[in-house]
Amino acid sequence: MPHMLQRAAVVALSLAIGGASLAAPAAGAGGAIKVGVDLELSGPASVWGTPQLRSIQMVADDVNQHGGIDGKKIELVVLDNKSDPTQSLTNAKQLVEQDHVSAVIGGGTSPTTMPLLKYMESAKVPLISDGAANPIVTPVEERHWVFKTPHNDSVIAEAVARFLARKKLQSVGFISVNNAYGDSGLRQFSATAPRYGLKIVDQEKFEATDSDVTAQLTKIRDAKPQALVVWAIPPGTSIVAKDAAQLSLPQTLVFSQGAGGNAFTELAQKAANGVYIVTTKIPVASQLPANDPQKKLLAGYVKEYDSRYHEDPDAIAAFGGDAMRLLATAMKNGGGDDPSKIRDQLEKIHNLVSLSGIYNVTPEDHQGLSINDLVIAQFRDGKWNLVAGK
Amino acid sequence: MAGKGRAVSAALLEIRGARKRFGGVVAVDDVSFDVRRGEFVSIIGPNGAGKTSVFNLITGAYAPDGGEIRLDGHSLVGKSLTAIARLGVARTFQTLQLFGSMRAVDNVVVALEARGVRGSQAYHRARRLLEDVGLADRAHALAHDLSFGQQRMLELARALAAEPKMLLLDEPTSGLSRGEVAALVEQLRRLRASGLTILMIEHDLRTVMAESDRVVVLHRGRTLATGTPADVRNHPDVVAAYLGESLERPRRAASAGKGNVLLAVEDLVTDRGDVRALDGVRLDVREGELLAIVGANGAGKSTLLGTLAGLYPPRSGRVTLCGEPIHGMPAEEIVRRGIALVPERRHVFEDLTVARNLELGAYARGGADDAELDRVYTLFPRLAERARLRAGTLSGGEQQMLAIARGLLAKPSLLLLDEPSLGLAPRVVAEIFDALDAVRRAGTTIVLVEQNALAALPLADRFAVMERGRITAMGNAADLSGDPRLAAAYLGTEVAQTLPTS
Amino acid sequence: MATVRNACSAIAVALLIAVPFLHNGYLTGLLVVVAIDALAATGLGLLVGAAGEVSLAQAAFMGIGAYATALLAGHGWNAWLAIIGAGAVVVALAAVVGYPTLRLRGHYLTLATLGLGIIVFVALNEASPLTGGPSGYGDYPSLRIGALRLSGDVPFYVLAWLCVALAVIGGAALRASWRGRALRAISASEVAAASVGVSVRARKLEAFVLSAVAASLAGSIYAFYVGFISPTSFGFEQSVFLLVMVVLGGAETATGPVFGSLLFVIANEVLQALGSHLFPSTAQSAVAALQIVAFGIVLIVVMRLLPRGVAGAWLEKVAR
Amino acid sequence: MEQFLLSGLAIGAIYALVAVGFVVIHNVTGIINFAQGEFAMCGAMTAAALAAAAVPLPLALLAGVALSALVGLVTWYAALRGAANSSLVVQIIITIGASIALRGIALLVFGSSPKSVPAFSQGSALTLGAATLAPQQLWVLGIVIVLMALLWLLFERTRLGGALLAAAMDRQAARLMGIDPLAMGAFSFVLAAALAGIAGVTVAPITLATYNMGLALGLKGFVAAILGGISSVPGAVIGGLLLGIVESVGSGLLPSGSKDAIAFVVLIAVLFARPEGLFGHRAQRV
């Protein structure tokens, strides 16, 4: 009887330690610099996590092919957080305390990032998140070690509002996916709209798993808005576009960049004709004016992404690459593999031309993009077309 | 008037016109009787008479549709099981309801603790109760590891732990060995001496007649008679209810012993749960004969048929059909070998039409052609009229006819029938048995398990008596039918031994 | 039996006390997560094992516990009082909800608890002014003993496993008490139990409330340990996983669910570690998928081989 | 209002298909199969992948449904056939394991990005009074009606259907007729999986197919099935339609975020009023 228990104990322990020792290989071959990646490779948010990982991989390979960091190669340690906040925290700990990584990229969304914040502060390892919500980097004095690559939702909201105001559309309907992304969008947009004289006449939500939103859209239609703002992620965005077309809602539909590329355009097809999206330049890379500083970089990126993964990269995926690029730059600029040096260098990044825009990180702003990095595109003839002017 | 008044005042339990129906089925239809303080009353009656339903009405498991039930003058109607239990009614169950995964002693302790007896005191008393029923040494065994007999005693102990005013026993002796029955009877006598009021449902009429102060006879949900054992035994209706009316039918020359062996059963042993239901059955069935198997409830008749049909895997023994071993084969295979069972309580597919039930009868051989269907329809004209109705809407008799017809459509070489007359009116029984006669004449071999012996035996070539899992006697039906000792076989006093054996 | 349970819980606790001295924040943290799940699962185990009821609302009670604690603490309550307050809230809620719900049987009860879980989940999302909605809520102080602020893994490791130990011992005691016997009687045969005078609904309600309290406590610890809570952590899937842990470990003993959670989380994590270090980073998307497949298969195999769960299996061994 | 009713009907029809699968499997085997939604997912993903590979749509759809049926059969043999005597909750956990594994396989094979299935037909939305229905929604309704008719034929007119019903109604009597319960179990899984697969491929053009779409579908199907009394096919259908309509109307008249809660509030209210489900009559087997 007792030896039974001992066996149980031993099994449990060896399992635990087994997991641990596995997770602690000899510090990177050839003294490589280890970068931890904690992303949504499964679960609802894997729509974003998987392409982000691809983008990270591409940039890392690019850096390594061009001599790496002072000869040292970047080695990625990737963990799947299953779109679960708790798993995300466990992953961060494994990356920091098992693999002794020099920095962590992740999570790919706000809910998987928020639980990491306090921990990263105490672990004193820099974190670059692909989550959009403002609180990830504000208040900055409590986010000493945390950075993020996507625009704050407040900035996107600003751009949307500005665009609507310019088109002289005052009454607006708002529909968002009922998760952290949609929620953050809703907060920021309702805060911004009044400043541009916009009136939100109706505001609806739908579940990420919903297969039909006609009920919500019918309510919005009855509120007779001139424009509809959609803050959601695939596949929801496409469903909204289709149902909106079916219910013949106001033609001015504006999507946040979460709408995504392929999935959206694939399904929406005709239904999406004429809708607008506020996004970084990725989807319209080919149409950028020759003098655009990002044009060359983006052209190359889109081309390679296509050849590697046989689909077009969308705006969301690029934030992963940006995170990797920011890190590589900070490392090159003297950060090396020392977490605190990397952190200090991150705060000094200036005019870094990257995928989602031009990053200017400062001690006051751990995000680094500006509203000028956003463009408005309209969907016509099966692709996004740059709308001239801001 | 005055007499009635006295009876009421002395009565611990009064039931007046209790009624309960389930959908179309009337389980209890106007039952009335009293049980006086300290009295030992037995409820008897053929299967389906509504005996257990009456218990469920008393204990609150069912809410009566009508009538009044009083304990000590307080109405029990609408009270919960728990409440009624706390008013002092305790019961045992026909199909055991023990807390199987708990130790024997804990089964009893639960009952004590429910009344606020706690801790070591509860265990002390529980052990005492287990001693009383002779389970002292099994106190720490898990309930489901006990033998069937022990489990029955454990249920009794658990019921007694509630220190009831009134104890309800549902077939306490069924499945018990002779020795166990004797021990139980001893126990009951002691309880009775201690002044406990007891109401018992029991098939073993020997016990009933010997132990009861009064007997209540139920038949088709009604009180048929109440009185002393003696009154009841000689009550013509009671005899009729048990044996059924003898049906006028020309005695046919017994073809017993002729024909060669179709089915041979050797030392068949089958366990049902913890009960040894068949304990070494030897039997053979000859081609073209009708063998009637009679015997009290719990004797193992249905288990025998079930085992032959492959529903219950035998523990040991051999069964051969036309010389080929079939024991251990699953039912779905055996029906293809040519044995069809018409199960007790019909088991027709109630949500399907009569016609589809019949089609399914021929499922094993890939369906029936119209000629075959016509044949059963001519055998049971009522089915033809109702072919498009849901089987569930048929009367009991019609359902029985359907079940038999369904069995016949399997084109069996051997047809097994389990209690075809169960709870049916004599006229219907006659109709069914005429049909069986025709079937048998047409050359199908039949084994018939039947309570209604007077109806069955004129039909039978041979009979077998089953007791406690064994065949205790076999003989030619001719020597037996109309024999007064048969009545004795059902209403008490040993008979099997005195019968001529083949 | 009781001695087996206690011995086994003792060893389990000892084993888990040992680990932080590996000085490994990751493992310690992992075991804090195990402890939190184990706590909720232990409660559910009481319901499943003793009362024979399957509930899919356990994560919801965890969520209510977590949010109530965080909100009370966030509005100036002493953190420890907040934990107690949350417990009180959950008791009240479980009692009110349980009373009508426990009338249902089998699948219908399961469905009702499932619905309850989803209603709570939606409520947490919709009450955003209060709960921060889907974006979650992190604006509350951390747990402190006097001036000492509890942060990092080890203090929570100790706190969480203490609670688990208490829950297990309490659970074992309850199972061994007259209440426990009554519950097992009910799950064996409700009719028989009632007809010997056991008050069925009262006992069931007790079990339901107690299991909810365990979940609430787990939620409270989670809230302070992670320092940020969002509804996604307390959804339908979490309830299902808790149920899996209970059955995996075996619901018959008070310690079963603890082993279940240990097995569940560790297996998950080992697969994770294996995948990420045996395969190149380029293959990680595929590896993540493989992990899921492997996990599902492990689940099926264990359940097929040990239908009584891990603890149940060695109880059988012990019995022989 | 009409709009809410119509949209609800279209979605409810899908729930109904999944729910019928639950009922068929439960009646024949007594198992509550939480992998039901995953069956639908397999069909949808396969169809989507094939359609993307320029396989003619009808062919892709058929292949999807066929694969679902196959997956159902494999699940039965690999995971559940031998577990007939396990306790209810263990069986449930086994089906959960199966659903997790299936989800993983789908993620491995198809990846995480949503896939689209072309609508079965083009053409503009149909307008009924204040309400409009997309062509695909009409397809959904049409297909469900046809399937219900086919199911009716199967159960009422065919020998196999009769055997299935018999096994569901009275296992023992069925065996006496020569019907093998295990074979019927296998058939029930195939049938249920095929129905789920049809639900999957039919809804995919509206919703896109993702590897984790099964969870939500299965959940709704389960709810609908129990709402309908878990043992009645018509009950499951009505349960599904009801659930769809309640959801749709709920999100139409009340804050749409609380849609799912509304559905369950109604549902629990129903359970309290009718503890045996809307159409439950036969006692469930446990």
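Lettered A, B, C and D in written order, each chain numbered from 1.
The criterion applied here is as follows: a residue touches a chain if its C-beta (ideal position, glycine included) is under 8 Å from a C-beta of that chain, and two chains touch if they have at least 3 such contacts.
The structure displayed is predicted, hence computed values, not measured ones.
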item	value
Centroid comparison with subunit D (C-alpha atoms), farthest chain	B
Interface ranked first by C-beta contact pairs	A-C
Between subunit B and subunit C, centroid-to-centroid distance (C-alpha), Å	48
Inter-centroid spacing, subunit B versus subunit A (mean Cα positions, whole Å)	73
Whole-Å gap separating subunit B and subunit D, where each centre is the average of the chain's CA atoms	43
Subunit A and subunit D, separation of their C-alpha mean positions in angstrom	35
Subunit D: positions in contact with at least two other chains	104, 107, 111-112, 215, 255, 257, 260
Residue numbers of subunit C (touch at least two other chains)	125, 285, 288-289, 291-292
In contact (per the touch rule at the top): chain pairs	A-C, A-D, B-C, B-D, C-D
Parts of subunit B lying in touch with subunit D, wherever the complex brings them together	309-311, 330-333, 335-336, 340-341, 343, 347-352, 356, 359-361, 363-365, 367, 406, 410
Complex contacts: residues of subunit D adjacent to subunit A	3-4, 7-8, 10-11, 14, 104, 107, 111-114, 116, 125, 132, 134, 203, 206-208, 210, 212-213, 215-216, 247-249, 251-252, 255-257, 259-260
Touching residues (chain side subunit C, partner subunit A) in the complex	4, 7-8, 11-12, 14-15, 18-19, 22, 24-27, 29-31, 33, 125, 128, 133-136, 138, 151-153, 222, 226-228, 230, 232-233, 259, 262, 266-267, 269-270, 272-277, 281-282, 284-285, 287-289, 291-292, 310, 314, 317-318
Partner subunit D, residues of subunit C touching it in the complex	48, 54, 100-101, 103-108, 111-112, 114-116, 118-119, 122-123, 125-126, 236-237, 240, 243-244, 247-248, 285-286, 288-300, 303-304, 307
List of subunit D residues in touch with subunit B within their complex	159, 162-163, 165-166, 169-170, 172-180
